Every structure is written in C-alpha cells, then in structure tokens.
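Take this structure first; my questions come after.
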Amino acid sequence: MRINPRLEQNAVKVVLMVLTATTVGILLFIIVFILRKGVPVLELSFLTRNPVDMGRGGGIFSTIVGTLVLTLVAVLIAAPLGVGTAIFLTEYTWENRVTRIIRFGADCLAGIPSIIFGLFGFILFVTKLRFGWSILSGGLTLAFMILPTIIRTSEEAIKSVPASYRQVSFSLGSTRWQMVARVVLPAALPGIVTGIILSIGRSIGETAAVIFTAGSALHLPTSIFSSSRTMAVHFYILAREGISMSNAYGTAAILVIFILIINLLTYYLMERFIRKYS
Amino acid sequence: MNKLERNERLARLALLSIAFSAVSVLAVITAFIFTEGAPIMFKYGFKSFLGGMNWYPSEKSFGLLPMIVGSLMVTLGALVIGVPLGLSCAVFLTEFSSKRLRRTIKPVIELLAGIPSVVYGFMGVVLLVPFIRRTFGGPGLSVLAASVILGIMILPTIISISIDSLLAVPRTYREGSIALGATRWQTTKMVLIPAARSGIVASIILGMGRAVGETMAVIMVAGNAVDVPGSLLSPVRTLTSNIALEMGYASGEHREALFATGVILFVIIMVLNTIANVTSSRRKV
Amino acid sequence: MTTAIRVKGFSHFFGSAQTLKGIDLDVLRNEILGVVGPAGSGKSTFLGALNRMNDLVRGSRTEGAIEIDGKNIYDPDVNVAELRRKLGMVFATPVPLPRSIFENVVFGTRLAGSRGRASLVELVQDCLERTTLWEEVKDRLDASALKLSGGQQQRLCIARVLALRPDFILLDEPCSGLDPISTAKIEDSLRRLKEDYTIILVTNNTKQAARVADRTAFFLNGELIEVGPTDKIFTAPDDRRTDDYLRGRFG
C-alpha cells in the first residue's frame, strides 16, 4: 500500500519539528538552568575575593586570574607558532607529500582527547622537565593542545583569500613576503582571529589537561612556576567533592557567560569577514 | 632592492623555523605517547592487556577489557541518542525551515559546542542521575546516564557538519527532483541525504571520536566501577576515565599501564579521524 | 619605429606540455600590438612570459630569449620584481584590493617603498585622469574600491599599473565582461596612453583589435602564425589560417 507522498511529508515534517524543538530545547535548557541558578551567586565579592575554606566560602578571584594567565600563556605560544606554520604551508611550499603528512598530523592531533594531552604534559613538563605543577606546565600543554586547531583554521582563512589578490600583488612587483604581509594576512585576519578566539574558548573550559599539569592550588599565582587553579578545575572539584553547590553554580555561570561572550565575538567577526569578501 | 631581498630571505627563514618547530612539537607528542606506553604492552602481551578482565594495578594485573567495553557501550549509546536527534535537526533546519530560523538556531548550537564538558557532567549529576535512580532504579550513575550526556554533547558536531554537507549539495539536485514532481521530503530522502552521505557519515564519525575521548563528564555520571556493565543501569568505567581517575596517584608500572591506555585511545581516535577524512573527501558528486 | 621588445625563438613549457613554440616577434615602441587567437592558443602565456608571471606556476620552463633594452629578461641576475614594475599587467577580471581607491592606485608604489600621502596625491590624480576615472571618483578617493562598478574597477586597475611609471602595459582581455560603454572608455584611454607607453593587448574580440591595435599578431596552438599592420592582417593576411580565424570560420 503506497502512502500518499503529501501525507508522508506532513507527518515527517511534524516529527522532525518535534525532534528539533526537543534538541534545541535541551540545549537551551542547560544554559538557562545554569544561569538561573548561578547568576544570583555572582555578586561583586564573589568575583573579587579568593576562595576560602577550600571553596566553601569566599569567591573565585584566584581562579579567574589562573584561567586568564594560563590561557594567555597558551595563546602567546600557540598563536605565532600556528599562524606562522599555516603561512609557511600555504604560501611558501608547493603542495606535496610532506605538506600532506603535516596536515594529516595536525588534523589527527586536533582530535586527540584532552586527557591524553594531560598525560603527556604531566610526564614531560611536570615530571621529566621538573617544572612541577605550574602555569608553565599547564600553559605549554594547553598551547600544544590548541596548536593543531590554530594551524587548521589559519590555513583555511589564508586559503580563502582569492588567488587573484596574490597575482595582482606579484604583478605589481612585490616579493612573496610583501604579498603575504600586505595582502594575504590582512585579508585572512578575521578568519585567523576567529580560530584563535575559538581556541581560547576551548582553553577556558578545559579541565582534564589542566588539572594534571597546572595543579589545583587555590592561592593567587605568584610566578610562572606557581601552581594555579582554573575556573573549570575549581568548578569540577566543587561539584565532585560536593563542597558547595551554590558556589559551583556560580562558577559554572561565569564559565558559561565567558563562552557566550567569546562565541558572540567570533560570530560578529565571521560576519565581517564574509561581508567583506562576497 | 637589497633591503627587500633581505627581508624576503629573513621572512622565509623565520617561517621555516616556526613551521619546523611546530611540526617537531606535533611529532614529539606522538612519539612520546607511544614510547611511554608501548613497552608495557609488549611486556605483558597485547592479549592480556586488551582482553584481560581484571584491572588490579597493585597486583600487576592490567586487563583493560572492562574499560574497552565500557567505552564502546557508552559511545554506542551516545550515537543512539545523538544521531537521530542530530540528523533530524539538521534535515529540519536545512530543508523544512526558513533561512532565518536556521541562521538563528545554528549559532546557538555552535555556542553549545563550546560549553565545557564539566558543565554537561554537572547537569548530569544534578538532574539526570537522580532522575534515572528514581525512575529506573539502580544507582543512577550508569551507562544510560553517560550515554545520554555524551549524546547531547556530540549533537553540535553532528548537526553542524551535517547541515554544512546538506547545504553543499548543488541546487540543481533539489530543483531537478522537484521538477519531476517529488515532494520536498521525497527529495530529501531519496536525493539529498544520499548525496550528502559522506559528509553526514563524517560528522557521525567525528562525533564518535568526541564521545570516545570525553573524560570529565563521563567521570561525573558513569559510576566508574571496574566491571563489565551488566545492563544499561550498571555503573561503568571508560578508558578515558581510567586514566584520569588513577593518574593522580599512579607510579611505576601502574603509570606505564595508564600510558598504554592512552596509546590505545590514540590509535582508536586516529583510525576514526582517518576514516572521517577519507569519507568526507570522497565527496565525488 | 624602434624595437622595444625582441622575442627570439622563445618557447615555454608547463611541465611536459609546450604552450609556446619558437616565437619570434618584435614589439615596437609606442605601438599598440593586438594579440588575437582562439582559446588555448598561448596568448595569455605569451603575456605572462613577458613579465615572467609564468614563473609563479609550478613546472614552468622556458627556452630562447626575450630581450628588452638589449638584455635577456631570463638571465639569472635579472631582478624580477623590478621587471614586473616595468611591464605592468592588467588582468581579465578587475581585481581591486580591499582598500580605498587612493590606496589601490598607490599600492605598487608602496611596495617599492613610498610612504605618506602628500607626495602621492599628484601621481594619483595623473593616473586617474589618464584612465578617465578622475572625474568620477575625485570626491571619494578614500571610499572602498570594492564599491566601484566593473568598468570603473578595471580602469582603476589600469591606473594602478600606471602609478609605477612602467614602460609597457600588458592587458589580458581587459574588457571581457564589461559593458560597451566601459569598453569604449578603456579603448579611448589606450589610444591616448600609447603616446607614452608601449601597449600589448591580448583580446578575444577580434573587432577590438581591429579598432585599437596598430599591429596585430595571430597566435594558434602556441605558434605565432603571422604579425603585421592591423589593416593588412584583417584585409589581406599572408596565411590562410589567419584569414579563416578572422572571418570566423573557426574560433
């Protein structure tokens, strides 16, 4: 018995709509739930005071600092390395087996779970190189974690600059570096920056790699060799040890808000990027 | 133009060094993981490692089978939840909704990809686990809980990439089909989804990779008992959780065994990624 | 008229495929040389050989010589960037860079080291006047060049080339895709520009060559079949194939 196609379509449409609404609903619910329970905790003192009594009281100031410093170290290392590599691969080499292997390697490492990076960082930085649990260990580990992503997104941004731009630059007598610096990079910049910002977002939420390399010390970090706790790690510890639910919610809310801001930034930048070149 | 030529040479050298350093880093990480983890697997034999049922590090018993099964079950569960929901969403947003709706919802979904995994885990602990305990019995910390949470976590990956794949199908396919009298759904079912198949499959495989590699959320809701789970409601420990839970206090051969776990994970993910790459590049239309 | 460029037995290869076969051709100073031929005949490759843009393509290889001012431009000690400033190129699709009109015009000079703005204002005006674009844009030199129409963009690209004070202007099907009015404006500019520059114009449109070029060269399958005064080429060419092409018997 053949089903009337129109009927089938309408039925399917309803099913799909319901499923989509469910999906979006679930996802939105998570954000709303966290914000509703966490925002009330976010008074100024929560953000400016250090944790007290293992996090039962006080605020999360030192963890905010820890997060920012750790992310900064990671980006300062990974961004130049990643963008430079991307430039080299796209503009200074012909496409050959070596570049393909490099790209494959970067793609693979982009998919490696963070716990493995944590493992790696723990053995190499914390133990073998004796940096101990420190911002240095954590920053380096995070940097290596986001490096493949930065290479990939930068490459894509650079590749999407029209070939005609390069042609014109050369035909007007530029050297390769001039072309890269004056034409390609400015044009690719929104895409590159977007990739970096997304990596920052990933670093902020990262727990597994950080907890085993930067440790979980609650005090304000004093140097790059200090151990430090990030917001994500703090949140994890609060939740898992059941130390303080309300503080946990507060920390989660801050994390979510950070991510929201980062994503909005990224979205806005991408819009500018697309608008400029279509 | 000596200055220009000099700058050009400098730039080339600088970029070469940078690229070389970055590539070395990538190579070092890979090599490191393997050199730290491989020896112990050879020492105890692959069979006992991968097939052993008993994980008692203090007694030098390093059987990973419960964890391997755990990872497998939890990942499959995640796919059971994530793929139908995700694909439905993708199909609905590309073929059955307005462009504006898609433009508003897609960023929201991408936003959710950025939510830290610990937050997802937390939601699981606070809402899902008690619910399972009340409704189905058992401890609540279970395969089911982990599957649901992971399923939700991989939704953004599956949805985003599937949407992109569907959108990449040439307009002529749609138009041709409709011109032959097919409804939108018939077009979608018989023309578009097959055409976008490689991208959709790639998205699922990538989602699988994410599920296999997820650690923190799973630790919070899965129960972490070192036993092959007997049912959906039994607690379970995955390969990733195994590493994270024990690394803090492991030493000697125990630590090496954890590294070996890492190697296995690494290989699994690499295989998945390669398959995903191959399927998505085989987009010969 | 004196010889500005002497092409001597010049061949070009992309890998194993030969794209130009033993070209012998003189380009005379201050002439407009039209280059016509069907698609794939090597016209664009010929242009790219003159300013060595072909070098940028992987697998590019040459034999023979091209002499400008008595020197073979393929000698190893030739400064290629300098060469490309002397032979300015305009492409088929206008490519304004994402900058202001002013910055587009001076882009080449900036590559060569110019700074600031005051010293360049006169230059910009001169170049834009020569391409009849000045009146249309003089009040919005700082507006984005991307907002200009296709014809205006192409004239901007020509002005950009002029700013480098080249000796030669190489144009590769510059009016394809432009409306007749823009095409006419560009052809007018070329007629006036030849006083100060030597112009080589590759065109798909044989009628354009007939309108504008002093001499015309016919390429077919990578070979130079015939070159001579435009009148003669179009009315009484020596070679049968030239006649066939120009009459549209093949294309």
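Order of writing sets the chain letters: A, B and C. Residues in each chain are counted from 1.
Keep in mind that, in the parts below, a residue touches a chain if its C-beta (ideal position, glycine included) is under 8 Å from a C-beta of that chain, and two chains touch if they have at least 3 such contacts.
Note that the structure is a prediction, hence the values are computed from the model and not measured.
Ranked by how far their CA centres sit from the centre of chain A, the chains are topped by C.
Overall, the chain located most centrally, as judged by its C-alpha mean against the mean of all protein C-alpha atoms, is A. If you average the CA atoms of chain A and of chain C, the two centres end up 48 Å from each other. Centre-to-centre spacing of chain B and chain C amounts to 54 Å, using the average Cα coordinate of each chain.
Between chain A and chain B the centroid-to-centroid distance comes to 16 Å (mean Cα coordinates, whole Å). Annotation for chain B: residues touching 2 or more other chains are 4. Those residues of chain C in touch with two or more other chains are numbered 81-82.
Residue positions 175, 178 of chain A are each in touch with at least two other chains.
Within the complex formed with chain C, the residues of chain A that make contact are 94, 162, 164-165, 167-175, 178, 182-183, 186-187, 276-277. Against chain B, in their complex, chain A makes its touches with residues 5-6, 8-9, 12-13, 15-17, 19-20, 22-24, 26-28, 30-31, 33-34, 80-82, 84-85, 87-89, 92, 102, 104-109, 111-120, 122-124, 144, 147-148, 151, 175-178, 180-181, 198, 201-202, 204-208, 212, 232, 235-236, 239-240, 248, 252, 255-256, 259-260, 262-263, 267. Of all residues in chain B, those touching chain A in their complex are 4-5, 7-8, 11-12, 14-16, 18-19, 21-23, 25-27, 29-30, 32-33, 36, 84-86, 88-89, 91-93, 96-97, 105, 107-112, 114-123, 125, 127, 152, 155-156, 159, 182-186, 206, 209, 212-216, 219-220, 240, 243-244, 247-248, 258-259, 262, 265-266, 269-270, 272-274, 277.
Put simply, chain C touches chain A in their complex at residues 51, 53, 56, 58, 81-82, 84-85, 88-89, 91, 93, 95, 97-98, 107-108, 110-112, 157, 160-161, 164.
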